[in-house]
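Both complexes below contain subunit A, partnered by subunit B and then by subunit C.
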Partner chain A sequence: MGFIELEGISKNFGCNTVVNELSLSVKKGEFVSFLGGSGCGKTTMLRMIAGFETPSKGSILINNVNVSNIPPARRKLGMVFQNYALFPNMTARKNIGFGLRISGIPRTETEKRVDEMLDLIHMTQFGDHYPHQLSGGQQQRVALARAIIVKPGALLLDEPLSALDAKIRIQLRDDIRAIQQQLGITTIYVTHDQEEALSISDRVAVMREGRIEQIGTPLNIYNRPATSYVASFIGTLNMFYGSVVDAEKGVVTVGESLLRTAESISVDSGKTVRVAIRPEALSLFNNETMSDANFLPGRIETIKFLGSTVRFIIKFEDKFISMDCFNTPQFKMPQKGEQVSVTFSREACQILPGDAIPFCYHE
Partner chain B sequence: MPDISAQGRPHTTDAGHISFFRLYAHRIRRQARWLGLAPFFIFLFAFMIIPASSLIVGSFQDNTGALTFDNFIHLLKPNIVSSYLITINLSATTAVLGGLGGLLIAYAISLGGLPQGIRSFVSTFSGVASNFAGVPLAFAFISTLGRAGFITVLLRSIFGIDLYDTGFNLYSFWGLSLTYIYFQIPLMVLIIQPALDGMKKEWREASENLGASAFQYWFHVGIPVLLPSLSAAVILLFGNAFGAYATAYALTGGLINLVPILIGAQIRGNVLHDPNLGYALAFGMIIIMTASIIAYLWLQRLSSRWIK
Partner chain C sequence: MDKMNSEKMIRKSFSWFWLIAGLLYFFLPLLATFLFSLKGKKGVLSFVAYQHVFADPNFLNTFRFSLQMSVCTVLAGLGIIVPTAIWIHLRVPKAKPVIEFFTLLPFVIPPIILAFGLIRCYAKPPFALTTSPALLVAGYVVISFPYIYRAVDAGLSVMDLQMLTEAAQSLGAGWGSILFRIILPNLRTALLSAIFLTFATVIGELTLAVLLAWPAFGPYMAFVGRDLAYEPAALAILSFAMTWGAIMLIQIASRGVSGSRFSSGDIH
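Let's look at the complex of A and B:
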């Protein structure tokens, strides 16, 4: 039994079903992210856990207690909001100590714990600043300290970094993860940023239309997407329609080329499937290429220099392939219009059901 | 062609001419932006600065134009002191009661979860009602709550209640207060609604999440955040009532000794005629109104820093 159990949760707003029969078990001390696009139901789910929305169906258990109908004030959960939600009439110190003050903790104890929190978030010198005197990153640190000072059972974060600059975002997400691990607090994190979710979570739940499309470790989600949606949502991906030639041996045709996969295919021969390959799994043919690798012939259409990597868009038959190469000193840059042979291992070739929207590569 | 540079003038190239004209055009454009404000400044100068200046100068003069402080000494006469006190009392009463009524309505339409249509209707009505003052408002109240007013007659004929037997009198302090409240409430709705809209839902949720009750939220967060806006709004209502003349004059005909009516009597010159004393009275009003405006602006600045 997990520390947080979501059992068949549904939420309807009028005729609109925002969360649909969602179930999830979160272990104590685990960091789980809800990842998905706008309107997928991730924030609504988080708000139901916090108690700001009531589920239309299903139950929420925290530490074996059904909290579905318990008001937010009695759930003992810490929440960090997207727009910080700091009280503008209080200094950082007063904001952090608010939860302790209203629960009647003595002043000396409150001050001591506030000092500890200010130290934890590296903001000792900003304790007497008002929110409007702090930067976005500093405000979010204060919001985090305010949420955890009351020692909540779990921490809920609703897109806490989305309003911040890219540099601050990276720094703060690392800090959030470090604090979470230091305190061992169970955390549910909502984001639409895949990099954010993959970099700090123990597990990622990719959501779509109110359901969890796939849940797994970041590595598993990235390397083994269970559905076309997950494959297309996480990272950049080349995807082609193919036809199964030999399901047992894992052989498919894409256009006029024959591709081999590492495992057998669970779809009957002759059926249509989708073949997914990550751009970083592709390389240009050279002498070191394995003899059993897959090949696709093509012509370089576009070269995008991205600093540490170079992205090539290669035309293969009537399709386009995206390929990433590291910009190492040894790398010999091919020219635009050059005929090349793109190669990739059998393991890089992922087979997905072929019933979704066709496209060539997805960024 | 004479060599310009040889005549001691700076040598300018074509590019130099172009950049000079560009700079000149840019300056003209920049100055032209101020032209749009010209009517405002003309209006301000003609109808505020000049009359206020002549009023201040006149308050330090006697009938012959000589310098005197007698007008200000006369302000301490019991009837004038009482006039200021009644006006301040009326303004404060209607500002507080109108402010409270307006706050409740604004809260209902901003945070009370009412349908958007009702919000639009109340906002539009408030815009109209807050400007419905003066003689038309006085007659509207006379025709409804006067001795032969519609509601007075209706109450008497249907329920047998004579409003005026209960002590109510439209032409008294409380009758005038009621009439003022009619335009004070909608004005409060219009002023305070943006402040209530600026109250973030997340503040309430964050305090709830930290274990606070509704009372604790309003005590520690809601009221302190709203207080500058509320105070500023009440000060504005105070100023609005303090300067009102036509409504009071049309309704009570000078029965209630208000400062604007007293100023009118001194300047118009029926029985009382001492324009310079009138100017001194008006100068006193200007001081009170200026203090109100300064307090209003300071409080607005404070609240806009919080609710942004």
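Let's look at the complex of A and C:
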């Protein structure tokens, strides 16, 4: 039994179903992210856990207690909001100590714990600043400290970094993860930023239309997308329609090329499937290319220099393939218009169903 | 570059022009009234009109009464309207246009209609209230409703009420803590505006006080103005100064209570 159990949760606003029969178990100390586009129900689900929305159906258990009808003030959960939600009339110190003050903790104890928190978020010298005197990143640190000082059962974060600029976002997301691991606090994090979710989570739940499309470790989600939606939502992906030639041996045709997968395919021969290949799994044919690798012939249409990597757009028959190569000193840059042979391993070739119905690999 | 500078200069000049025009519009009549109030003695400027006003015991009595009614109106008005406005913002934002429509009614319905309505409804048992100042306060609350509601509504719109409330709830705060520790301190500027407007309205109000037969400052000023020349001008200046004085006292007192350096600019 997990520390947080979501059992068949649904939420309707009028005739609009925002969360649909969602179930999830979160272990104590685990960091789980809800990842999805706008309107997928991730924030509504978080708000139901926090108690700001009531589920239309299903129950929420925290530490084996059904909290579905318990008001938010009594759930003992810490919440961090997208726009910080700091109290403008209080200094950073008073904001952080608010939860302790209202729960009747003695002043000396409160002050001591506030000092510890200011130290934890590296803001000792900003304790007497009002929110409007702090930067966005500093405000969010204060909001985080305010949420965790009360030692909540779990920490809920609703897109906490989306209002910050890129550099601060990366720094703060690492800080959030470090603090979470240091305190061992169960955390649910909502974001639409895949990089954010993949970089800090123990598990990522990709959401779509109020359901969890796939849940797994970041590595699993990225390398083994269960559906076409997850495959296309996470990272850049080359996706082609193909036809199964031999399901048992894992052979498909894409255009006029024959491709081999590492595993057998659970779709009957002759059926249409989608073949998904990550740009970073592709390379140009050279002497080191394995003899059993797949090949696709094509012509370089565009070269985009991205700093550490170079992205090539290669025309293959009537399709375009995106290929990423590391910009190493040894890398021999091909020219635009050059005929090349793109190669990739059998393992890089992922087969997804022709439509968006969830699909399971053969292990 | 020169063109930009000249445009900037023109814009700046216009700003100053409108500021000076506005100040003249408001303060010239006040200055004229003040100068007129000093002409009580022929040929010299003197405070004789002010001496006459202070010598009249009705002046302080009526002002004290109106001040008491103002305080009661402010307390009753804020007590009714602030929780209502918060509730509307948090729970029924769709009702905002309806409430805004009601706030316009005191401008549309003349006070004389309101006074007759109150007398008609509350002259007989079981609600015989015409001899109670509570009825006058109730009438003043209706008249002040637009000023209080709109000031509070503007204050609530500036802060993210929903999010602040949820943040406080997630930290274990009940409604009392949320109201007195979060919402009201952040509404301080809006509340002061509401209090100021209510004071200014109630101190000089005439119709309700006359028809409900209460010795208020408004009827006293009208009475003095009917029979004397310089004393009404002195009274106008005094009431202006006293209203501002009362507001400043409220501001100083509320600063002591809230204990923060908060200003309207603090809300983001």
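Methods note: the second predicted complex is superposed on the first by the 355 of 363 C-alpha atoms of A that agree within 3 Å, B and C clash if a C-alpha of one lies under 4 Å from a C-alpha of the other, contacts with A are read in each partner's own complex, and residues count from 1 in each chain.
By our rule, a residue touches a chain if its C-beta (ideal position, glycine included) is under 8 Å from a C-beta of that chain, and two chains touch if they have at least 3 such contacts.
These numbers come from a predicted model, not from an experiment.
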Partners on subunit A (subunit B, subunit C) - clash or fit: clash
Touched partner set for A:Lys167, first subunit B, second subunit C, both or neither: neither
Contacts of A:Phe81 with subunit B and subunit C, given as first, second, both or neither: both
First, second, both or neither for A:Lys332, with subunit B first and subunit C second: neither
Subunit B versus subunit C as contact partner of A:Phe52, first or second or both or neither: both
Residues of subunit A that lie at the interface with subunit B and also at the interface with subunit C: 50-52, 71-74, 76-79, 81, 83, 85-90, 98-99, 102-103, 132, 143, 146-147, 150
Parts of subunit A lying in touch with subunit B, wherever the complex brings them together: 50-52, 71-74, 76-79, 81, 83, 85-90, 98-99, 102-103, 132, 143, 146-147, 150
Subunit C residues within the subunit A interface of the complex: 159-160, 163-164, 166-174, 177, 181-182, 185-186, 188, 258, 260-262, 265-268
Touching residues on subunit B, where the partner in the complex is subunit A: 200, 202-203, 205-213, 216, 220-221, 224-225, 305-308
Touching residues (chain side subunit A, partner subunit C) in the complex: 50-52, 71-79, 81, 83, 85-90, 98-99, 102-103, 130-132, 143, 146-147, 150, 156
